[in-house]
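These are the structures, in structure tokens.
In the two complexes below, chain A is the common chain; its partner is chain B in one and chain C in the other.
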Partner chain A sequence: MDFAFMKETFLSLLSGVPLTLNLAFTSVAFGTVFAMILALMRLSGVSVLAAVAQAYVFVFRGTPLLVQIFLIYYGLGQFRPALQEWGLWIFFREPYWCAVLALTLNTAAYASEIIRGGLQSVPHQQVEAARACGMSGFLLFRRIVFPIAVRQALPAYGSEIILMVKATSLASIITMMEVTGIAAKLISQTFRAVEIFVVAGLIYLIINFIITRIVMAIEWWLSPHLRRPPAVEPRLEAAHV
Partner chain B sequence: MQQLSYFELVGFGPNGWGWALLTATGMTLAVAVCGFLIGSVVGTFVAWAKVGGNLAIRGIADGYTTVLRGIPDLLVIYLFYFGGSAALGAIGSLFGAEGFIGVPAFVTGALAIGIISGAYQAEVFRGAYQVVSKGEIEAARSVGMHRWLMFRRIIAPQVLRYAIPGLGNTWQLVLKESALISVTGLVELLRQSHIAAGSTRRPFDFYLTAAVLYLLITWVSTYLFQRAENHSMRGIRRAS
Partner chain C sequence: MKLFKAFGLGLLASALALGGAAAQERTVKIATEGAYAPWNFTGPGGKLEGFEIDLANDLCARMKVKCEIMAQDWDGIIPALQAKKYDAIMAGMNITDKRLEVINFSLPYASTPHGWGVMKDSPLAKLPGTGTTVSIDKDPEAAKKAIEAWKPLLKGKTVGVQGSTVNSQFLEKYLKDVVEIREYKTTEQHDLDLTAGRVDAIFAGHGALKATQEKPEFKDMVITGTGMRGDVLGRGVAVGMRKDDAELKKSFDEAIQAAIKDGTVKKLSEKWFKIDATPQA
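Moving on to the complex of A and B:
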């Protein structure tokens, strides 16, 4: 192991971290919104909407992400004249936006199942009680259903975010120079696969470790009812002043 | 030149890529199955280490599953692809061979998938082992079974039964991972579609076909795992 080389590698790989995080968080943010829509479609009770959402999830969970990326980045090139006419080519020309789009569509499929599970886990009694108090529609969703569902779904959502951080490495195949992209370039230049692998792996482990801690902190913050109440200290009244 | 229709393009005619795509699908299945089986062996040993090892062995096993599940699969594939060649080159130079020795892409791919899926399968097996009741193991011991016999007759059948749903999920992961092996140049489904797309300039048609073929494999294997699960649970009464 050559530590001087590893330090140098670490510094050059670090320059890819912003792009890795950027891709992961942009796609998770868009993907969450889309996943909410899909989950609500699935639970809407309208059979057409539910079937569309189910088919979407089946297709995007059943095919490899790399195929989805290629389909968008290379595949849509086949329709270039039409896309240029609609002014969309500026968007699909950029590997960054293609990667974000593919990652978003992909995570939306997985996340919608997580959200659906969370929404379905809300006890009926809670909803009935809320209705008995006169809540309905959006108020019911915002005050009762959503907070309970979020708590249920959060641990699984944390793993999904980590899967997305890992998935951003595929953007390197369509020329995005994030951590894996830089690592691959360095490996093909120096042929020192093991050292570079160790350093790159370490960077991903650190990122994922921090994310798990943040998710755990949010979980802790959202579940005060499950924590042991702080021991109440007997208050010492100043009786003899 | 006249545009070929979609079905001429992916069909089995003189200009069709049908046979090439089917062969490549076979290659995808082959590399995925080999990787999955390697992963099962690795996973069994790692699960054993996690359940029955001492502190040091358990620490190594935990480290292995944490690391392999925390870093991108693509990095592991690069490690095996470039690292394997470098290691072979180093061994080769001992015997006087010079220059770059490539590892066959199939071997690299199957090994990389095996090592990655081993980490996932270890967790599946460990979870399933914990469902096996302690009483059964004690009973087996009390009738005088040795370790191997007990593993074969008592533990393995029950662990496998409870592990089937988890193994099904891992298999889906492995199948999708196999698409990443295309970066090493192995002509599997995605690579073949890439080649066909490049030579015909119809990328959308070919990637769409690849997606449909992957979906078909997923669909069939979901069905088979469901059958296996139902079959293995036939003697078990379930609540509700």
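Moving on to the complex of A and C:
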């Protein structure tokens, strides 16, 4: 192992980190909104909406992300005239937006199941208690159901964010020069696969370490009821001294 | 018991016989990419085909060795050779100084110029120098002039190229500030993006470009601009081997010389490239 070379590699790979983070967070942000809609469709009680959401999750969770990226990028590239007519080509022309779209659609499928699990785990008593206090509809959802569901879903959702950071490495196959893309390029220039991939792995590890800490901090902040109340020091009485 | 003994002896004898045969006939594992038509590609039936597959079989017969040809992704093809996953590379790989630092090459068995592929209706179809070829090593002045002549037309265009190749190195060295370079894993992928209009031009070997033109959806693609050879584009396509494998290099060199001399390389290249790709001495 040549540590001077690894340090140099580390610095070159760092230039790919902004794109990696950009892809991960843009798609997680869009994906969360979409996942919320899917989960609410699934739980709406309207059979058509539930079936559509279920079919969507089945398709996007059941096929590899690599295949989805290929289909969206190279597959839709074949339908350029039609897409141009609809004014969508400006969007699909760019590899960046194709990558974001594929990652978003994929994460929405997984995340909608996580959110559904969270929503369904809200204890019935809590909802009934809220109803007894006169809450209903959106107020009930906002004040009672949603906060409890988020608390339940957060650990699984943290894993999903980490999975998305790692999934961005697939964007290198559609010419996006994120960390893995730059790593592959460096290997072609130096032929030192081991050192370069070790460093690339390390960068992902650091990013994901930071993400796990942030998710843990949010979990801690959201669950004060699980923490020991601050111990009340018994007041020392003068007589006992 | 006797039966077992007899059986065991039989096994031993057959193992010895096999071992004896192997000592006479070495098995050489050759890696190719399988996605670089017409050099090497995966045919409709999933079998490897192409110029290099035919040539490899011919060379192996001359070297009197048994050959096993396998497909390997291009961007890991040299590291895997060093890791001894196979003994030789025949994958349209040019001899370059950079590669010579880590592996050894046989004598070149083919050589084609490198150039641009664009769609017929593109303004780039008028790139100067179409039909001519220049070697950067032999005539650096003329090559420089030809590249300068391209620049006004190429300015701001997006160009597709296969990563980790002599072609991507050429663009990095000479046109980095003029065009936006997009690197693809395979040439098939940048071909698709050329028809989709995501890139304005592709830069590749003339042999590969000619094969692309053969496909019906690429009938409107044209090869333009001066054909380039030499410098970072390498000194011809050759067999790549590990540096310590001197014996294998010797037998490949002899076999290649013989195949060039008796016209086998010319015949095979005309079959696959429609041009004579025999390396010029």
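Everything below uses one rule, namely that the second predicted complex is superposed on the first by the 232 of 241 C-alpha atoms of A that agree within 3 Å, B and C clash if a C-alpha of one lies under 4 Å from a C-alpha of the other, contacts with A are read in each partner's own complex, and residues count from 1 in each chain.
Basically, contacts are C-beta pairs under 8 Å (C-beta built on N, C-alpha and C of every residue); 3 or more make two chains touch, one makes a residue touch a chain.
In this text the structure is predicted, and so the values were computed from the model without any measurement.
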Clash or fit, chain B versus chain C on superposed chain A: clash
Chain B versus chain C as contact partner of A:204, first or second or both or neither: first
Touched partner set for A:93, first chain B, second chain C, both or neither: second
First (chain B), second (chain C), both or neither touched by A:173: both
Dominant contact partner of chain A by residue count, chain C or chain B: B
Partner chain in contact with A:46 - chain B first, chain C second, else both or neither: neither
Partner chain in contact with A:185 - chain B first, chain C second, else both or neither: second
Touching partner for A:80 - first (chain B), second (chain C), both, neither: second
Which of chain B and chain C A:63 touches, first, second, both or neither: first
Touched partner set for A:217, first chain B, second chain C, both or neither: neither
Common ground on chain A, meaning residues reached by chain C in one complex and by chain B in the other: 74, 77-78, 173, 184, 187-188, 191-193
Residues on chain C engaged by chain A in the complex (per definition of touch): 75-76, 78-79, 82, 98, 102, 160, 163-164, 182-185, 189, 192-193, 195-198
Complex interface listing, chain A residues touching chain B: 58-59, 61-68, 70-71, 74-79, 162, 166-170, 172-173, 180, 183-184, 187-188, 191-194, 197, 200-201, 204-205, 208-209
Touch list for chain B against partner chain A, complex: 66-67, 70-76, 78-79, 81-83, 86, 172, 175-180, 182-183, 190, 193-194, 197, 201-205, 207-208, 210-211, 214-215, 218-219
Chain C contact footprint on chain A (complex, rising order): 74, 77-78, 80, 93, 95, 173, 175, 177, 181, 184-185, 187-189, 191-193
